[in-house]
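The structure follows.
Chain nomenclature is as follows: A, B, C and D, assigned in order of appearance, with residue numbering initiated at 1 for each chain independently.
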Amino acid sequence: MTSVGVLGATGAVGQRFVQLLDGHPEFDVSVLTASPASAGDSYREAAKWRLDTPIPEDVAETTVRATDPEEIPDDTDLLFSALPSDVGAAVEPELCEAGFVVSSNSSNARTDEDVPLVIPEVNADHLDLIDVQRDERGWDGALVKNPNCSTITMVPTLAAIDEFGLERVHVSTLQAVSGAGYSGVSSMEILDNVVPHIGGEEAKMETESRKLLGEFTGAEVQYHDAVVSASCNRVPTLDGHLENVFVETDDDPTPADVADALADAPTLDLPSAPDPLIRVFEEPDRPQPRLDRMAGDGMAVAAGGIQTTDTGLQYNCLAHNTIRGAAGASVLNGELLASEGWL
Amino acid sequence: MTSVGVLGATGAVGQRFVQLLDGHPEFDVSVLTASPASAGDSYREAAKWRLDTPIPEDVAETTVRATDPEEIPDDTDLLFSALPSDVGAAVEPELCEAGFVVSSNSSNARTDEDVPLVIPEVNADHLDLIDVQRDERGWDGALVKNPNCSTITMVPTLAAIDEFGLERVHVSTLQAVSGAGYSGVSSMEILDNVVPHIGGEEAKMETESRKLLGEFTGAEVQYHDAVVSASCNRVPTLDGHLENVFVETDDDPTPADVADALADAPTLDLPSAPDPLIRVFEEPDRPQPRLDRMAGDGMAVAAGGIQTTDTGLQYNCLAHNTIRGAAGASVLNGELLASEGWL
Amino acid sequence: MTSVGVLGATGAVGQRFVQLLDGHPEFDVSVLTASPASAGDSYREAAKWRLDTPIPEDVAETTVRATDPEEIPDDTDLLFSALPSDVGAAVEPELCEAGFVVSSNSSNARTDEDVPLVIPEVNADHLDLIDVQRDERGWDGALVKNPNCSTITMVPTLAAIDEFGLERVHVSTLQAVSGAGYSGVSSMEILDNVVPHIGGEEAKMETESRKLLGEFTGAEVQYHDAVVSASCNRVPTLDGHLENVFVETDDDPTPADVADALADAPTLDLPSAPDPLIRVFEEPDRPQPRLDRMAGDGMAVAAGGIQTTDTGLQYNCLAHNTIRGAAGASVLNGELLASEGWL
Amino acid sequence: MTSVGVLGATGAVGQRFVQLLDGHPEFDVSVLTASPASAGDSYREAAKWRLDTPIPEDVAETTVRATDPEEIPDDTDLLFSALPSDVGAAVEPELCEAGFVVSSNSSNARTDEDVPLVIPEVNADHLDLIDVQRDERGWDGALVKNPNCSTITMVPTLAAIDEFGLERVHVSTLQAVSGAGYSGVSSMEILDNVVPHIGGEEAKMETESRKLLGEFTGAEVQYHDAVVSASCNRVPTLDGHLENVFVETDDDPTPADVADALADAPTLDLPSAPDPLIRVFEEPDRPQPRLDRMAGDGMAVAAGGIQTTDTGLQYNCLAHNTIRGAAGASVLNGELLASEGWL
């Protein structure tokens, strides 16, 4: 078994990591970190467990450590990071310097030139950017990122559609409250309401998408030249980001062509990789967050409502934002790192 | 005072008509109709009143009539229609034939060539299509329509932006449950959920927008040649449709240019016409349905989040779907009909 | 395997039956009925499947039959009924007359003197009322009922507390919308709202509780003489009825005594019986519907907030209303019927 | 005009004070305080205004002061307090010492022996406790409190029912999220959920109710000897606390007797006092938070569902928790203080 740790294990995404790693066939959670105030407490005490499955009993009594490189045992093979981005920006480089491999969900450094931003089914080859990273930074460890939850929902569908020549994308998101963390959206803000703004989210979607869809030359990632415009909204759903996507392509595929391309998106032989990657619905009113977010144990993307219009293609896609869009994305990157021999 | 009637007065939109007409300076409600099952009951009995203001006492004891041309007194100057579209399609022409002027919110006949589809602040001149209608149909009365609630939210903003040369529009809607009527959306469908499909809504937005923005030649309405693609979603809000709009124009206005154009949209001197027509927010997270749907007593459009992107303009707009988007729209059309001497 | 059927299989509770029976170790679903309009369709067509797990594939292609005794094959060992109560009242006796054993969730006949109303962990011995029923009605089959969902949430806790001498109960319920069926509660009724009335529910709780807690003499059930007053509310939750219970007892148990009594409530060795029956929380803010409704795969009751006050005991309890409170209750009764040799 | 100030004016209750005092016939807002961080800012800047009516323009440019006795001008006749209870506990006595009259919604000191806890329509005579307070504390000013929002919803109904001899009360509350302040309840906690615990709330209801219903002897308040047991729940509503009340009385009134007693509850001739005090519904499913919280401009109590059961009376009551239950309660107390000559 590979010995893994979770950095920032008590927050909403941290708890998802612990939940997803419970019973994992390859990874064994041996290290849990949190802010210094929780150091020394049992995980049960430190995490006020809020998921709707019970706290894993074998992890519950683990003593939480401070998020400090000196506190991480040397024989920890892989660290998952659910740190706030400012903490991640400070600590993750220190950990990589100290030799640890970090699969991080934190938003810092995602667009750094030598940091691979990876969705395994989409751009696994970008992982080789680690060689560049190690050269430039002199690290023994490595830092790998997964994209933002709203980006990760859409990009697997765009990657499949790129066979028709992706040119322009307009996307509106209807994002669940869990994306902002447990206390990120107050009930007064969102009951009987929608908030048509999520700070920084639109820029993340526009930039991260193009990096993910870009080409790794061996030295750098050349961004895809498609143009992406995003409009992001917070809606009163708990989990599952739904997105309306308008796409213009070089070719003129039919809706059936698009459905086939989505349904045939490549899958991987990794423990957390869903098969199919994209579940395509024929019913025009699907996917829906509550009904479809758990497709593929929360790791699949769902798509539907495919149609052609006067401006191009139009469809909807959905993924579970704290599983495929966060903790599950990092776990899958960890599995890829392991299978490709980077640990 | 002008004597008016409300057809289909007991449903969700019908109740809004009664609420908005209570204390109206020009219109006096003398006729209320409903399905035959309710005929003979008092309005208090027939309408299970569900609005959060009390039932108007002077209307509560009015006896409800069947929706039947023979039941409408000849001296009723104006009829507002909140009929289901199939009933509207059958009854409204009979009423016009019998000499009544009907300002209708029902979705039937909106794109008939000789039926004016009107938002007074946008295309009041289309009302003259009534002459064509009377010629062709031999009616003494007249049939005037207001557009669909999701269309009416966006079109005032597009009309203002058309000074920059409107070319293409992509729009995603986040629509409130009241748009489907009191029982239209079950709680099981929408709690912790979004439904990314509203039957027929996308086509309505695409077609009605172009008719409203079109030019009346004296003989017909020539549709605007902008292309509109819409993606419609039902979200768990009670009232207020929010829309993310992406617009491409001939010119390249700055966000400030667009804000000015929206803020300066023309207003009218009619009792229900708001001033300003469009309330423009600087805060990026506004408008929001719960906070802003009652702007201008529910008759204003709110806009915000104006920005330019790599593909053009982007902004959000909002209107109260059962006031500006339904009953209030018909009342305003009625006020325009009265002021222009059509009654 | 026991061959079973589900009557009324396409509705919300019917779909739960199909979901719970998928993979059942003893029961094999061979018959599905619905209204005549659906007869002849595949179950996939007839049931617009709305649960968040996929439709069981082996059942999806089963042809739906009309709910008519002549349509049920003779070799069907057990029928589960999710019929509307008026249909149940008409059809269930005919089926029992025809020799079928019916485990019914429908609300009809629950307080008929010779109809066992059973929660297996509470009053399994009442099943012997079947002998009385057969004598009186001349049936070869049998009719067994489970109680109403709000009753079933509370009664296991009252049964445990009865060791302290149950005297008076005041209970307020906070009931989920699924209890009213898929279209029972419209979103306009319940978003940002509570409805403090559920027709007939209070009387059901007051009467059914006393029958369940009563003593079977061999000839009849003598109702428990505790007094129960209920106040029932519909709240905006999807699943899980939460109840505030105030209890007065002969003895004066401490909260710890009560917690022990609840935690030690007897369990059964049946496939769907949870262990423990009652999950007792120490945290004062638990149980909560979203977090705890799936305890024991939706078959456990959760309890917490136990305290003593100037008027007696006070605590909260919770159960999943469409699993333990409906379909799961009938399945468990079916398992009891099988294990005790009634099939 | 009476010159008034609002302490803690930027929070959720503080904003309600500002909204309710806008256009008040007797009170003119001249002072607004907040935490030191906001001192010097305009109110528009300091308060991120979140109510669904616009910020009052004449107050928007007022400069916010620190909540410090030295910052309050001597000629301020009356201070309304929306301070957090710990701040209130520290600052309110200093202000009273300095000669200010404080009408406070903060929860500190409500059960201090010499502090009047007042609902004007219920126990206006308790205001004379100010004489005792001034004697004991040597104050020139005075401190008057209104009760907790959940208490204030129920007590007007209990006061009316006390003519039948109030003995025991069991009450379950379904409380809106605004009661916890703007950020008090996160959306992750309450969407599709209920939280059956509000820290300290039950004890407040049990104690404050008995003080309010108690008798003022001229020297002290003798608590009413009725027993009150409360169970408090947070539900996903924005405003309006609904309560299920079970009451046992000496006499045996009929539901009609109770309805009459509630409908005839005394009203006062003060600007914010509603008439009637209690709106009684015959429909069994009313009152409902969304439909009825604004009765009497948010200052009335609504009641319905009156019935007699085997244990006594049962009914539901409702009030707007941030108007009648908080800011409006303090304003009404201020009006009473003014009319009785205490300013």
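As a working rule, a residue touches a chain if its C-beta (ideal position, glycine included) is under 8 Å from a C-beta of that chain, and two chains touch if they have at least 3 such contacts.
Here's who's who by UniProt: A, B, C, D = Aspartate-semialdehyde dehydrogenase.
Please read all numbers here as calculations on a predicted model, not as lab measurements.
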| message | Need the most distant chain from chain A, centre defined as the mean of C-alpha atoms. | response | D
| task | Would you mind telling me which chain pair, A-B or B-D, is linked by more contacting C-beta pairs? | result | A-B
| message | Distance between chain B and chain D based on Cα centroids, please, to the nearest Å. | response | 41
| Gap in Å, rounded to a whole number, between the CA centres of chain C and chain B | 47
| query | Listing for chain B: what residues touch at least two other chains? | reply | 50, 191-192, 236-238, 290-291
| note | The residues of chain D that touch chain B in their complex are 50-52, 191-192, 238, 290-292, 294
| note | In the complex, chain D touches chain C at residues 168, 170, 172, 174, 191-197, 206, 227-229, 231, 233, 235-238, 242, 244, 246, 284-291, 304-305, 309-312, 314, 316
| task | Please name which positions on chain A make contact with chain D in the complex. | result | 12, 50, 177-178, 182-192, 236-238
